[in-house]
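Working notes for the structure below.
To keep things simple, chains are lettered A, B, C and D as they appear, and every chain counts its residues starting from 1.
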């Protein structure tokens, strides 16, 4: 009985939000976003270690909840989503419009499903749902700035999905089934896991907005509505980090060189977050820098785990705590920020001015800070500007290409040429076929 | 129950329905819908029979091949029949809304139904036929019905498109028929199974192969022979566009597949590579052209050109996984493209135009239609958990297994291209427009059928194992090319 | 040669070359066919007894491969649907028929109908049959239409449509009845085969004649419900 | 080699001749006629080869096929002619639009 109940809960946790995403199904419900969270909430009380197999779904998949990371993450998600759902409803004293609620519930379904998934395909599917749902959420719930951020996020998302799809295929070719455990085993024994590892790392790095791919995080935090900003840490970033933990054969392989590079990137991200945060400290930006900082910390731990499996086996749980603290930390900062702004019309801390009369070490630190901030944030736009200049030159060439394309399509559309081409194709088929016979 | 002649009923019922619609035009909508429901039920009956008893061979007139004509139903036929039934039911319901109201008056509806029923007859007969001359007759029935339906839209675009389509269709059929003549005079039979036993390479067989494959490629609109498709598909009434893209072009692909697997198994690898190459070219060409379009229906039509290319990627892979992937692509494309054309039809109906740049005004007020378009787009892009994802997955797997990974590259880049145009359209859902806009209410049936077809395209991904098991019946791919 | 023609000359040359290759290839393929036809003459002759007719072509057309014929009647009907759906074909200006045409049609139409009847009956044992008879009937109809005769509006509704679908309808009804009696699709019991074929052919002749004449007329008769 | 092969070759010739006309001529009536010539060529090949066994009665099955094919061809031609009239009514010319339609 208990197992049936928990299996039902496991299925309902992602399914209910998915169903409620249809406006018709939730029109009579008082607080659909909160109701959608109920199965997940009850699931937290179920004894750990339950799972079900769904061999008829997709290419055979399953849902389950393990006792460690999964539970903790689920608890964190339920809490933050509940908070966000309340904000969604009370913003400006009226319920959100229908489209926003639908996007919200779709993202929720993807998020819960990704946490509960027990295999690569399930995780991939749900995280794709979550990603595009969140894109829609950003677009629907923000102003022009958020929409610009969403566009960047979308490009990253598509590239990330391609990379992960590739990784998925490699995993399918290597492992006997696509459960996390067997993929991890197979990859550890595989002769050349390099491509898989790099695809997974690239894919989730793109999704998580790991420095220096964080460009969309700042405007997203700044200009989306509170309910969405609250989720930024817990949804796209945390799930991508979870993906890294789940997909990589951590604690099984030892790749010192790769680990070192990743550690270096993590340290750089943390440094950047501290320096840029110090330089441009303001409460509105603080959550973004906090997210970058914790992501950096996580990356460092990950790098250590990759270079030495022993470290991971002993300290691996730290990564999950980091993910959870990321979600909570960002949420608390956003909430505090919102509360402060609402309370005392508090806009932002005045930016620190470089003071010539200050001691030399302070001036130095300000200079270093400014330099680091420029390296981190400003190089990308500058690069983009340079690239745009290049693009302008390329555009002319592209226009020629387009004209050629249109011209050849018009050529193909002409009856006489098209039918002649058809004739030619028929003759070629015969010749190619007959050649082998002769 | 098991001795009911399901294959025959599946063919005769829509034929009788078409005749009834013709005799009593005022009741044609009701008669048509009833027939559609009946056909779906009968296909389910046939499916049950095939699943229970394995592949079915039915000798018409009791003569049996080579003297008579045989009908043959295995997993492949059943799959095609099922797609046709489901999409056909959706299109029937959609059309009952589309043709009834203002712009397309009663008159159009009265002409639509009998022809659509005959087209359905042709499709069912085609998927069940085991006789290459009989296939020619069904091809002609199909082609003429499709042309008539395109011309139903009226106006210069549609009539010119229909004329071009008719000429192309006849040309393709004649090439096919000459091939049939050569095969018959070589081996004294037109039954596929008997030909498969007797066939051996000779100049006449090569000539027949060239003629038949070329004719069928023309009808399938494989690049660079797609010249007739965009104008015909884009100018037809919306349900007809859906029908043509989802089912009609697939019919000639089905014949091609049957001939390739059974009669021309000795066709060499170079030819398969050629077809794969053309398929890859179609994916890119169609994708780029779709991006360049300014009208929604034209865009969808070019994306059909691209999606048809994927089907041909299975030829060089030549493994069971590859064929299954191509067929799954066919399946999910049928559902997704139906939903897309229906969504386009809704916007056209609503705002009176389908210029992509001005879509925002129409789209804002039709959330269901936009959802349908976006869901269908997910399947076309090949994102999980849609049917398109499973199809690409299978094709990629086949590509990697056979060591020809570059076909996988085509799949991924093609997905990127389709993502580009899908987001180009969907992006307008989120831009706000304040300008008031003239609009007509779209019947709820039209919006809901579009959405249901799109949801179906997604569900196809979720329940893949069942459908894949269906394809195993009669193991159509196990003969020669399996590898 | 015109300017455009000159511009297209290379294309024409290429086309002719391709067509030459096609002709040569097809011709070669035809010539290499075995000189003994491996056709179906023997099984046709062997089963002629059971088919109900003695003309082998009619036996193939209406018994062995009757299913093809059924679908092909569908194609003919479909063409009519198509032509009617196009509608609004500009009416040709007709001059009243001259005395020769008028007299000739009066003389010929009864004969043509009679010939059609004969061809229909002869089809069982000699060249002839429903299509030949239907074509002759259609010729009579065309002659009538040319003299300016039009169907009375009383009959241009359901009765006209009934007669147009009669051939296909009778075919389908026969098929369904045979199945209900326990046979397969279009499996005639040998004792009734001749009669059934004649019945189908008679209905088909009427429908083919009417349909071809209607196709000649083009637009749908404006009347009826 | 029986004379039937000669007729079959004539059939092939008609087929390619029709194809040439179909490609080259712009007027739709000519295109429709060309299709008919091509069909006649195919029918000739079918019927001629049926009689190639010397001293035996011709094979009846291709004859039946040709009758079926002729009816199909007649239907298609009727539809094509009606469509051609519509094209002329809509565009003013009985030719295919060669530029992509807007």
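Just so it is clear, a residue touches a chain if its C-beta (ideal position, glycine included) is under 8 Å from a C-beta of that chain, and two chains touch if they have at least 3 such contacts.
This structure is a prediction, so every number in the text was calculated from the model and none was measured.
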item: Pair with more cross-chain C-beta pairs in contact, given C-D and A-C; value: C-D
item: Core chain by centroid distance, with centroids computed from Cα atoms only; value: B
item: Whole-Å gap between the CA centroids of chain C and chain D; value: 16
item: Chain A and chain C, separation of their C-alpha mean positions in angstrom; value: 66
item: Distance between the centres, which are taken as Cα means, of chain D and chain B, whole angstrom; value: 27
item: Whole-Å separation of chain centres (CA-atom averages), chain A against chain B; value: 36
item: Junction residues of chain B, two or more chains touched; value: 133, 137, 140, 144, 147-148, 151, 164, 171, 178, 182, 184-185, 203, 206-207, 210, 231
item: For chain A, residues contacting two or more additional chains; value: 409, 413-416, 419-420, 423, 426-427, 430
item: For chain C, residues contacting two or more additional chains; value: 15, 19, 22, 25-26, 30, 33, 37, 39-40, 44, 64-65, 68, 72, 75, 78-79, 82, 86
item: Chain A to chain C touching residues, read off their complex; value: 416-417, 420, 423-424, 426-427, 430
item: Of chain B, residues touching chain C in the complex; value: 5, 8, 12, 15-16, 19, 22-23, 25-26, 58-63, 66-69, 107, 111, 114-115, 118, 121-122, 125, 133-134, 137-138, 140-141, 144-145, 147-148, 151-152, 178, 182, 184-189, 202-204, 206-208, 210
item: Complex interface listing, chain C residues touching chain B; value: 25-26, 28-30, 32-34, 37-40, 43-44, 47, 63-68, 71-72, 74-75, 77-79, 81-82, 84-87, 158, 161-162, 165, 168-169, 172, 175-176, 179, 183-188, 225
item: In the complex with chain B, residue positions of chain A that touch it; value: 23, 55-60, 98-99, 121, 124-125, 128-129, 132, 136, 139-140, 147, 154, 158, 161-162, 165-166, 169, 172-173, 402, 405-406, 409, 412-415, 418-419, 421-423, 425-430, 432-437
item: Chain C residues touching chain D - in the complex, by the definition given at the top; value: 12, 15-16, 19, 22-23, 26-27, 30-31, 33, 35-37, 39-41, 44, 56-57, 59-61, 64-65, 68-69, 72, 75-76, 78-80, 82-83, 86, 88-90, 129, 131, 208, 212, 215, 218
